[in-house]
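The same chain A turns up in both complexes below, where it pairs with chain B and then with chain C.
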Partner chain A sequence: MKRLVVKYELLNLRREKLLLLLFAASSLFAVLAFYNGYRFSQNQALAVTAAQQEQQTANNTIRQGLAERQARQGPLNWWDDKHDLRGQAFYLMVNYATKAPLPTAAIAVGQADIQPYFFRMLVTEKQHVLHQYDYTHPLALLLGQLDLAFVIIYLLPLLLIGACFNALSEEKQSGQLRIMMLQGISPATLVAAQILVRAGAVMVPFLLISNLCLWLFSPGITFISLLIFSLLVLLYTGFWLALTAWVISLGKNAANNAARLVTAWLGLVIIVPAVLNILIMTLNPSPSRLVYVDQMRSHTDKVNQQAAQTLANFFQDHPELAKTGTATNDYATSKIAKILAVEQAMQPFDDAFVKVLHKQNQQAGWLKHLSPATLLHAALIDLAGNGQLRHQAFMQEVQQHHQKLQTYFASRIALAAQNGDFAPCSGCNARVTLADASDIPVFSSQASLLPIPYGAMLMLVLLIVLLTFASTKALSKMHQAQSQTVLV
Partner chain B sequence: MLKETTQAVIEVCELKKAFADYQALKGISFTVNAGEILALLGPNGAGKTTTINCLLGFLQPDSGTVSIGGINVQHDVVRARQQLAYIPEQVALYPRLTGLENVSYMSQIAGISLSRNEYRALLEKVQLPAHAIDKAISTYSKGMRQKVGIAIALAKQATALILDEPTSGLDPSASYEFSQLLGQLAGQGVAILMATHDLFRAQEDAHSVAILNQGQLVHRLQGQDMQDVQLESLYLQHIRREALC
Partner chain C sequence: MLVEMLKKEWLESARQGQLGWVGITLLILLLAALASGWYTSSEQQSLYQDVTNAERHRWLHQGEKGPHSAAHYGVYVIKPSSHLSVLDPGLSEYQGKVLRLEAHKQNDSLFRPSQDSIAMQRFGQLSPAFVVQMLMPLLIILMGHALLAAERQQGTLRQLLASGVSTAKLMMAKGGTLYLTTMLFAAPVLLFALYSQVTASQGQGGRTLLFISGYSLYLFIWCALTLLLSSWMRTPRQALVWLLAIWAVSSLLLPRLAMTSATDQFPIQSGREFAAKLESEIYTPERLQAIQEFKQNTLQAHGVSSTDELPFDWSGAQLQFGEQYSDQVFDRLYGQRAVLLNKQTDAYQSAAVLSPFIALQSVSMAASATDLRHHQLFEDAAEQHRRVMQATLNNYQRDHAKQSQGAFQAGQSLWEQIPAFSFSYPRIGPLLGHYLTPLLSLATWALLLLIALCFAARRLQKEML
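Now for the complex of A and B:
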């Protein structure tokens, strides 16, 4: 029976030219959205590659220019000298911490358009490197680029509602339903077949094109990523179809169905995320950035004023670097000591930001379950590698890398100072203290495992089951005798 | 002529139905036998459509029973519906499908699977113009749609046919053709219940007439009585009397 209804529904939609329209709209959305997300991820990939190449070139230049530097007789400032540890540490070093886009990045730009994905590292206060942007929780960035995630979350439900809102109700209003029911069809069968055909016209081209584009243009993308992506899309659209079926099963007219469904869309996709944002921001306000900058300046001034004390504290903390008293007069060691002192003083302020962000994320993690839109958004940006999870991991890695660089340069600079490498004789250039940059720590990121959003999937399945159960029950009642809802 | 049989196909017994405080049906009873055409007459609001909706299983009677082919509609609506065909005032079909496709679709829903030529033959039998058979229903006149409705009933081989104002809005020629088709169906033993305002067609086509007013069956005519009476004056007499009361 269902196959028969599907066949004639297809024929009917084809004659209405609706099938072609849905097919075209869905295909166009898929291509546009993929292109936009892909272009964005490609730009990021190019920037990351360029940074890595620049780092490699700089290292090569150090190696290749070593002989010339050693032969050089004329005066050379250390801050212009590529072969001086101090010049490298504070000004010249080309050392990047990068977050390369994942092969799935084209699915959702997410927060990647505002969060930094590469840092040029120097031996300076980490606050100058890492904290140059405002933290914000994932839900705050729900509205974003026209990428696949945007089309899936915002536009597909509208297309599906537009295609399906009058299923059954049009037959009811025109009187066809009574004739069809007298012929023996059940309203549930009719609705299921109609929704299946109409949703198919939207979903089949969208999934085919988006998966094909991802597979063709995102080298390295795995089958499991595509499978998770498709499953998430199907479950999310399944929710909207189940909701549509449920609204239809209430037996109202088509206009009423449309009004209810659009209201549901507005509520779940626009209003709920906005309310959640306000709630999260109100409950967990971020510390003042102005206060932070003010504190940074104040601590820097204080450290500069107490330079001798700061250096003494540094050697107390690092006795291995204080073998001789000569180090105390070295500018570079003194600078590193000041950097560490400022970092230490600012740590409570950094922690305050991290704490708030942690709370915001925690609450967003729970509250996202209030709307399928926020649930799917979080799942898609995590899948794309452009969400908070991966970014936080990246920021931790950057911080660790920064520490490694500081340790590397602090110990070597102190040693070089003790050896008198920076001032071998009065008026002459410093000795070469960095002959090869290859042992400078290089940033490496642990490839994070693909997060499988079981929670989101389960939640969507649950909603679909509940709505399908409710609509099947209501439609079965309609099929029974004396169902006045069939009458117009 | 009424086929010589007394097998009751459509049975309505002490049917009562109220909508809130309004008593739409006050315990009406009638039967339609196989091969009989019963015209159900009455002014607007008399209860004709309510009676039909109870027979189709779309309304729950407050009391009384309705059955089709011996099957109680309240007890087994699916089986009862298998016995009947229904033609409303406006035959609602899929406007973008052709007449042939509509008959084929509706018949297959009812579990009747015929060849394309057999469906075409059915449409020819109900005198749908040959050039219209493969055209979209949206291009059809009301009379042509009624004929498609009859073809669907024919394909289903229903034992009972219920019509609600079938000739309303049809021109005399289309109305006449439609009457001929009803006569043919009755001749094949189909019990036909036709709610109508068209007294002329009722007198011409029906084997019996039931006049319904304010939810009550106020008069029933059948057999020889149909020939001897001026239906219009009888109808007006009953309706006016009730109005004066």
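Now for the complex of A and C:
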């Protein structure tokens, strides 16, 4: 009997040409969205590779130009000298910290278009290093990318609602339902068959195409990633189907169902996330960047005014670098001391931003459960490696790397100054203090673990079960009521 | 008769209880967005003043030092907000607010607020503009999709027409009520725009006018479209499905597609490539050669053989020459990037022909001075200020350093010669040429829909006869 209902539904869809329409729309969205997400991640991957190549080339140039530099007679400014530790540290160094996109990156661009994914490192205040960003049209950031996550979160529910909202109600209105019931078909069976067949026309091509594209074009993608992706999509769309079934089970006409479902979509996908965002931001406002700039300037001025004290503090903190008194007159050591002093003074302000962001993320982590859209969004961008979790880890690694570079240059510059390498004689060039850049620390990032969003999946399963239970109950009531009418 | 019909339609809308709570929710959202925007903006405004004053004080009281040290010390300038940015923050969250002006470098603005935000921001920022542009059309659709389709389905349309009412008057009454109700919901935004005009600087009336007329036209378009489809479709269900599909395509899908296509058509270099190109094109052997030639020419012009014999300080002249050399490279490279970005904007705006959302969004951001073009105006003004600053400092060193004994130092009198940076958004009139496509699109949409409604009224009259 169930097979008959499915066959009847398929025939209906074919007659209305809806099957083809749904199939085409869903396939088109899958291809378009994958292409956009993929293109975005490829551009980032290319930028990361180019940065690594630039770094390699710069290191080779240092090695290859050594003989020429050693033979050089004419004057050479240290800030133009690739073989001078100071020139490298403050101006010339090509040393990148990069975050390469994961194989799953095409799923959701997430925050990857806003958050920086590469930093050119120099020995300067980390506050100057960490606020670089890639330049893109700001309108593209405001609108967001047309990636798989966008299609899944926004468009698939609309397609499903559009395909399913008149299930059962058409049969009820035309009187066909009574005839079907006489043949032993319950409203629940009919709704289930109709919804599943129509959803199949949307979901099967979408999942097949998106998984196939990810598997073919994203080398290194694992089976488990694809499985999590598919499960998340199925559970999210499952929620919308269960909601549709529940609305239908209330027994109103098709127009009413459509209005209710669209209002629910509007509420859950557009209004709730926007309200949650503004709520979180209002409850935990970020400190002002204008005040940050103001403080940075004040502290830099203070440090510069107290240069001697700053340097004394530096040597007190780093006694290993203060073997002789000669170092105290060195410009570069003094500059590094000032950089460290400014960084230290600004640390509470940086911490304030981190603290607020942490709090915002913590609240978002709880409040995201209020809408399946926010729940899925967080899960998908984490799966794609373009969420806050991976970015925060990356930023910590960048800061550690910056610190390593500072330590590396501070100790070598102090040593070179003590040896008199920067001023071997009056009016002559500094000695070569950097013959080979291969021992300059290179950024390395720890591979992040694949986040399995158990919480999101459980929540979605729970919602589906609850809605299915409620609709089954309502439909069985409807069955009883209709049966009595049929009997009368 | 028309007044009677308007009253009847008004009563019917008021009776539609299920819509009441949707409308109230939207109104609450709108008021919340307005309050939050106003609070943030006034806080920002006060900080803007404080930090700008502090920065100016720092510059003037930086103490005695070499002019070139002061050039490296530089200043930070802050982008001001326009009076309408409370209503439409546009791209403000995605563009830096602060710009550092210093020697040898043209910088991009710093600190995009979006970088300090959580991922949930990508669902949209709840601003008054977001509510009216995105959500208000849905309210119109929910309120209006059944206006004529339901009357037709229930058979009351024929009865109404039989009582002597013309279809034109009927549609005018239904459309009028729908538009009036919509404008009532949008009133807080439009009134706030008028109110903010009071506090705005002179010459900004055009922006307020553009803002109010843009939104009025946009809401009219959605009302007209809803009425048109309601008159065309056999059932309210069909009308609803079509209207929702049009809304989803024009407000959700098309803007993203248009922007993706625009960035594909006119790609810009990544930040890394751009920075590397800047560096490689400024610090070249040609630059060293140009400096050498400048030196030779200067020596020749003054009939001397070494820079020490020049009647002025050579290092100041050389620094200024270096700045001017770099400025040419900046003009070329930043200029190329700006051209590409503007082409992206134009390509996006051309999609306004298909989407009233894109048309209004562009017009609204233009009126509120929160789009990329206004950001570029700020950056250009800041760059001009930087160049004036560098020229003043370098020329001072050139003209005065020669007379000094030991290291040359300047003081507050020089710092005062550099005026405080001041930027205000220009009148919108001369900029309108950049927004012709969205403006014409809005007007064309409205006109075409009006004509279509006239045809629909005649068609309906014939159908019912």
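To be clear about the criterion, the second predicted complex is superposed on the first by the 467 of 488 C-alpha atoms of A that agree within 3 Å, B and C clash if a C-alpha of one lies under 4 Å from a C-alpha of the other, contacts with A are read in each partner's own complex, and residues count from 1 in each chain.
As a working rule, a residue touches a chain if its C-beta (ideal position, glycine included) is under 8 Å from a C-beta of that chain, and two chains touch if they have at least 3 such contacts.
The structure presented is a predicted model; accordingly, all values stated were derived computationally and were not measured.
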| item | value |
| --- | --- |
| Touched partner set for A:274, first chain B, second chain C, both or neither | second |
| Touched partner set for A:182, first chain B, second chain C, both or neither | first |
| Which of chain B and chain C A:290 touches, first, second, both or neither | second |
| Chain B versus chain C as contact partner of A:442, first or second or both or neither | neither |
| First, second, both or neither for A:393, with chain B first and chain C second | neither |
| Chain B versus chain C as contact partner of A:166, first or second or both or neither | second |
| Touching partner for A:12 - first (chain B), second (chain C), both, neither | first |
| Chain B and chain C footprints on chain A, overlapping residues | none |
| Residues of chain A touching chain B in the complex | 1, 4-5, 8, 11-12, 15-16, 171, 174-176, 178-185, 480-484, 486-487 |
| Residues of chain A touching chain C in the complex | 32, 36, 39, 43, 47, 50-51, 54, 96, 110-111, 114-116, 118, 120, 131-146, 150, 154-155, 158, 162, 166, 254-255, 258-259, 262-263, 266, 269-271, 273-278, 280-282, 286, 288-294, 297-298, 301, 353, 356-357, 360-361, 364, 368, 373-374, 377-378, 381, 387-388 |
| Footprint of chain A on chain C - complex, ascending | 18, 22, 25, 29, 32-33, 36, 44, 47-48, 50-51, 54-55, 58, 62, 76, 78, 90-91, 93-95, 97-98, 108, 110-126, 130, 134-135, 138, 142, 146, 235-237, 240-241, 244-245, 248, 252-253, 255-257, 259-260, 262-264, 268, 270-276, 337, 341, 344-345, 348, 371-372, 375 |
| Touching residues (chain side chain B, partner chain A) in the complex | 53, 56-60, 73-74, 77-78, 81-82, 84-86, 88, 90-94, 96-97, 101, 105-111, 136, 149, 152, 156 |
